[in-house]
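The first chain written gets the first letter, and so on, giving A, B, C, D, E and F; residue counts start at 1 in each chain.
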Amino acid sequence: MESKRLSKLPEKVIIPLKQHKGMPCVPMVKKGDSVVIGQKIGDCKDNNDSSVHSSVCGEVLSIEMAPHPEGNKVLSVIIKTIESDQTVEFTPTKDPSPHDLIELIKNSGIVEHYGVPTQSVLKPDGKNINTVLINATSSEWIGGKFSTPEEYGTQMLEALKLLMKAAGASKGAIVLRSDDAESIAAFSGIRFEGKQLEVAPLIGSRKIGYYLKDQGSDIVVVSQKRIYGKRILNFFTYNVTGKKVPVGCTPADVGVAICGVKSAKALYDAVYQGKPYYETVISLEGLAHCPPQVLVRIGTPFKDVIEACGGYPSESGKLIANGMRTGVAQYTDEVPVTKTTTRISFQKPEDVSKDEAIACIHCAACVDVCPVELVPSRLAVLADQGRFDECRKMHIENCIECGKCAVICPSKIHILQLIRYAKDAVEMAYEDIPAKESSNLKLGCACGGE
Amino acid sequence: MADTSLFTIFMDGVFIKNFLLIQFLGLCSFVGVTKDVKSASGMSGAVVFVMTMSATVSYLLYTYLLVPLKLEFLSLISFIVVIAALVQLVEFVVRKNIPALYRSLGIYLPLISTNCAVLGAVLLNVRSDYGFAQSVMFGFAAGLGYTIVMLMMSAIRERSTLVSIPSAIRGLPQAFLLALMLSMAFVNYFWVIPI
Amino acid sequence: MTDGNRDFIIIVGKLVLISAVAAALLGITYVPTQEQLKDNIAKAREQKLLEVMPLAADFEPVYGDTIINEDGDKEILYYVAKDESGNLIGYAFFKQQPGAQDVIEVAGGVTSDFGKITGMSVLSHAETPGLGAKIIEPAFKGQFKDIPLSQLKLSSSGGSIDSITGATISSQAVIDALSSKVESIKKAEG
Amino acid sequence: MTFTISAPPHRKSKITFKTIMWSKVLALVPVSLVSVYFFGLPALSIILAGILAAVVTEAGIQKMFRHKITINDGNAVLIGLMLSLIMPPEAPIWLPVVGSFFAISIGKHAFGGIGSYVFNPVLAAWIFISSAWPQLMTPLSIPHVGQLSDFLLENGAGLLVDVSPIALIGGVYLIYKRYVEWKVPLAFFLTMVLFPQTLNVLFAAVELVRAGVLNPLMYLSLMFKFLEISNELSYSMIGVVFFGILFIATDTPTSPVTKRGRLIYGIVCGILVSIYGYFGNYMAGIFYGLFMANCVSSFIETTTLPAAFGSEGMIGKFYRRFMDKVPSSLKMGVLSND
Amino acid sequence: MDPLSEFIRGITRDNPTFGLVLGLCPTLAVTTSVENAIGMSAGTAFVLVFSNLFVSLMRKQIPSTVRLPIFIIIIATFVSIVDMIMEAYSPSMYAALGVFIPLIVVNCIIIGRAEAYANRNGPFYSVIDAIGISTGFLLVLMLIGGIREILGSGQIVTFGHTLITLPINPSVTTMILPPGAFLTIGILMAIINYQKEKKRVRGE
Amino acid sequence: MNLTTLLIQSVAILGGLGLAVGIMLIVASRKFKVETNPLIDEILGVLPGANCGACGYAGCADFAQRVVNENAPINGCPVGGFDVAKQIGGIMGQEVAEGEKEYPFVLCNGGVNCIDRFEYVGIEDCKAVMMLSDGEKGCNFGCMGRGTCVRACPFGAMSIGEDKLPHVNKNLCTSCGLCISACPNGILAFAKESEKVHVKCRSHDKGKDVKAACTVGCIACKICEKNCPVQAITVTDFLAEIDQSKCTACGICVEKCPQHTIELRSVP
């Protein structure tokens, strides 16, 4: 389904110079400069960072710390917009080499939805990637700027090939959600490399390795249950490829790169149209008139998106960047849409959960729902008491931050928040180790990749 | 009761006359060393060993030395000396060879010699006129009963560090209230089982 | 001889010395108390016999065949109770019976015609305090005073003895002790 | 416009502790009504006294220690009601009052209140008062299910709950609605059924061995013994046992939280209750057995904490070793992932 | 250090049950009645006084390697004496206290005092300490015994005299059984903890 | 058997037992000798045993070991304070000088006087709020009043008062400093009893911003600086600071401060 562009141009856009995990970019403009669409305004030298581009034509108002949907303040370029479609020159690349692709990704500022710049996912320092996965299991990322299902299917396959080429990977897979009939239908119709594509379900111990052999091809399309969560990469890798990612390591350590639909599409556009990453599709929820998706320019404040969609349905409530499960609640609507924004959700006050947490009643509901076999109730208490090394002994790092435990808890304990608190503390201790050599926390990476 | 069957003695020692909950023997270590399962199991292991050993040794001492010489009145003093020596020996060995266990048991290993349970088992053996096999079995069973209760208790106390307990109750009062519950369970449950 | 070895000997010597003193002390205490103890036991038994058969003036033991100690004493089966004039008035006895916890040693008396129980008393027991231990209380003991042998049953089975609440087993044990011993005396006396 | 901020997830389930408590109370209403109908005023007064005493004690304690008063979460009401329902109808009115007081003060608050207690307050109170006043706590009769109609209305009812096992069906509904966890009651119930049946088979086998039967077919036919309803079963399937399975064993703070732990706990409950029931009676057995199981539940929990996700269990390891040895040409279907 | 405060200390701060938390077994086991409590404390007091005295007298002679065995021999001697005397002259008490009379030998209080006090102080103060601790022990035992007896059997009967009778009938049998001991001491300790904590927050 | 034989036999038996046990124990104690430094145990004996880690080592035993083996400072245990340091000094044969006792001091007056930017639902912990956004208070430097410090105190010395600010109970505080390092916003600092005048604000925001968020914050008006008779106050980077070595606790600044940001502590 084609998604609509936002009807009104925002008065000003706020383009954070850091829309990825890593160091912020160096601004390439200064106050008073005028910019055009697609102009690079923040540059990064490091392989692990990603440049940013202007999404509008206009004049730079200021470069200052501004609220960021992640919750903190980030150095941002604030641009007063002018109604104009002037862009920098977009030049498509013909038959790019892997090196060209990586450079292109870097220059186009393509970032994965989980914040890591795509080039460092595909070409991590000192590690080799042999499998590229496109995770299409989350509904926010599907649809987007495709006019027909066929276009979605073919463009994704093309993008996957580009990604594999860039990474030097031999295998690739697109992972769909098993109850997303629309996408499955989109892929099922396609002929690919002379064969009719079939979407294969991942069941039990049948991982993609089986289908790669079975179908005798390098690229497969598979489907599995939806996985929520902020830290799903390792879990996702295990579920899809059967490869276990040791604690403290990333999928790259087992040769897997995970990309999203958005970055795949962005790469496709960058190669075939020469466009950098300056607009993105987001979905909306809970507003007065919600279209399912809109195409917005990166940097558009939430306020403008919400106004364009009929405004707030109530006086107060909860504004959330990204979904109800994993999103970050915002205290101001002056935050911009960034490359990692997938959704804007709004909750009316009567829907906002404000239940007071009471003591855990050991109902074990959280244990039953946890997809990675943790005991969330115990982790929550240990985190609350500051017993972080015990949390570690109970494999707290495995938590994919899906939040199912906090959803189901009848005592309304903020389990996920506590777990993240403890994970944060454990990570801090990990960073501290060379300096302080704490004796009660012994952390380490089992993969030897450090 | 000299002809009581070994099975009866076993059940008696482990459950029906449980040292900790029903006979009140060995309570100091029960409230002291049950803060976590690891040290409780170490302590229990030590007690089972010492109890079985001292039941054996004291039986031999009593039957083959004191009784023939009609010196039964020396039994208490000689038992306690033998037990103390035995424990000391175990302590030396553990300290040298398993320092981790020694550290976690802390002061409790030497205190086994002054643990009522060990001497209690020996004295009850003498009072019940048990034979050799019966004495050894009773010593072992009593140790096992001790172990079971120690494990239950320590698991409960370990878990209860995860929940909120009123500050006045935390610590010893809680241990006693838990003991109240455990002893209500033991006293009432094993009553029916005919042995 | 090295210093270490001298220490060694001193330490062991002290230990031996203290043990010896302790042993001597104990021996000195043992002898008088032992006599008192024998006395006590004899007195306690006699008192119990009197308690269950207040009318008797003399109890004559009836010996069995089993020898119970090295001095060659024989097992006492029961006592023949005589009044001042030497007439047979009944039989008194001790009986051990498994109770709820441990063995209960019961004293009892029966008239010479085996018609009536003259009384009951408990020599030793290990019943639960508050439950079975109530068998030594007058309220329970009193129920056995001069009752027809036919009434020697719990009230729930048609007799006259009310069992102690929560301690039926102990109550029954006492009754069983009395009735079984009376049976065996009856047999022995022909 | 002020927004609310909290950590994700932002939408939570509607089931709260309060709803669980009140729905348990609701699920016990039918059996209370039947018992009032059957036993009349005494039953009603016992139930009311128990509930009232529990609520007053809870409020009193929370007031005394300046805690938030939580009587409307339904926990105190539930404890009072549950305790009253396991009294004999002949009990004097002060008995449920003392029981409720013990349950709330020692059983619940001394251990830290909701979620913190290790021993079910209702059980603890029942056991305390029945060892304090055994004569008052023993019902005039101990029920046994002779025919199907006994499930509907048990004429020889012992305790209040025994009047009608079928009226406890609300408990099953709670499990179905996921207000209550299913692993413990299911494992418990199955053990309660299988244990006497297994005994049936064992005893029959012993009989055969005694009789010196050598024919293996005779031994094989013992299988059918398993399907024959044993006497023991009709003694165990009484109201109070169902009450124990559906309402006491499912009291969450007293059971382990781990998945395996809950199954083991259910089985342990079943075995302990069956043993006591076999030697004594199931009416007291259910309470003593469950209380004993409470004692070991923490131990079960600490020993069944799950390993890291993705690590293989013993069986898995064995299976993999075995499959590694099998030449790949012999393997069917599942191919190696690499 | 003055004798009176040393004596009082044994009752309050170094109270064997609530302060030092030692010797719990007899504390719980024999407190089914006030009478037993008194008997047990008397036996313990005898042993404690003499063992403290002798350990203190001999403290300079005792080589530290075999300190514990020697203490134990000293203590065991006095315990055996008490055991024999009680058996001979007070058989009913002896029967009621059962195995706990010989077990005085391992009562942690006695060995604890020998180690912690008598081994470091002179004979006079050691005896005072022993008397103080014994009095503390007696008071606690009588308190627990009193609570358990009055609730458990409805009355307190000591050496044939009925001291108090409770109007409640029937009495709470559980209190005499093992659980009653744990309940009583648990609640007493909770109360003491609560008071202590209040005092601490208010600033000593 | 007469008394004499009885005595002889018992003395022989018990004496023999004593002999056997004595020899066995001494032999065993030599054979299984484990070398430990008795000083460590001795120091461990005088340490409070809270295992709070405030000394910077993994618990009291570790600290004791390091004092003996690695020359850790003998006054390293803040919980035990001077008394313990003196005792350790005695064991180690070192002298310690007594310092004045310090207590944590709350450098923020905000609490209920400071606006909230949003409504927070979640765990009661300042770090947790910080993780979600830069804190709920209008002032980025202010105390969030969610009690991370309270939870960090192993001695129960801290509490959050009606004013939504932490308070220290000096009877319970051991000056371990754990609360100070726990606070994510650096609101707490040690202050000596003798230091009486404090600026209860840490905001380096401009006066206008402070005023918008908080009614008691330092607006850098410099009135105190001008009025201080001994020039103990300087305003740098929009915040007044007091040089405690100069301050005479005259209290003039306290009176003059238009925002009532400066506090004069009464003598305890």
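In this text, a contact is a pair of C-beta atoms (placed from the backbone, for glycine too) under 8 Å apart; a residue touches a chain by one contact, two chains touch by 3 or more.
Note that the structure is a prediction, hence the values are computed from the model and not measured.
Asks: Quick check on the contact network: minimum steps from subunit C to subunit E?
Replies: 1
Asks: Note down the smallest number of touching-chain steps it takes to go from subunit B to subunit C.
Replies: Minimum step count, subunit B to subunit C: 1.
Asks: By the contact definition above, name the pair with the higher C-beta contact count: C-F or B-E.
Replies: Pair with the higher count of C-beta contacts: B-E.
Asks: Taking each chain's centre as the mean position of its Cα atoms, how many Å separate subunit C from subunit D?
Replies: 47
Asks: Counting only Cα atoms for the centres, state how far subunit A is from subunit F in Å.
Replies: Between these chains, centre-to-centre, one finds 42 Å.
Asks: Measuring centre to centre with CA averages, how many angstrom lie between subunit A and subunit E?
Replies: 69
Asks: In subunit D, which residues are in touch with two or more of the other chains?
Replies: 2-7, 106, 110, 112-113, 115-116, 128, 131, 134-135
Asks: Which residues belonging to subunit A are in contact with no fewer than two other chains?
Replies: In subunit A, residues 328-329, 331-332, 352-354, 359-360, 378, 414, 417, 420 touch at least two other chains, as defined above.
Asks: Show the residues in subunit E shared as contacts by 2 or more other chains, in ascending order.
Replies: 65-66, 69, 73, 76-77, 80, 84, 170, 173-175, 177, 179, 183, 190
Asks: Which of the chains are touching one another, listed as pairs?
Replies: Touching chain pairs, listed by label, come out as A-B, A-D, A-F, B-C, B-D, B-E, B-F, C-D, C-E, C-F, D-E, D-F, E-F.
Asks: Looking at the complex, which residues from subunit B come into contact with subunit E?
Replies: 21-28, 31, 73-74, 76-77, 80-81, 84-85, 88, 110-111, 113-116, 118-120, 123-124, 127, 167-169, 171-177, 179-180, 183-184, 187
Asks: Could you please specify the touching residues of subunit C with respect to subunit E in the complex?
Replies: 7, 10-11, 14-15, 18-19, 22, 25-26, 29-30, 32-34, 36-37, 40, 44, 124, 126, 128-131, 165-166
Asks: Report the residues of subunit B in contact with subunit F in the complex, numbered from low to high.
Replies: Those in contact with subunit F are residues 65-66, 69-71, 73-74, 77-78, 81-82, 84-85, 88-89, 92-93, 95-96, 99.
Asks: Give every residue of subunit C touching subunit B within the complex, in rising order.
Replies: Those residues of subunit C that touch subunit B are 19, 22-23, 26-27, 30, 34, 102-103.
Asks: Okay, in this complex, where on subunit E does subunit D touch?
Replies: So the residues of subunit E in touch with subunit D come to 170, 172-175, 177, 179, 183, 190.
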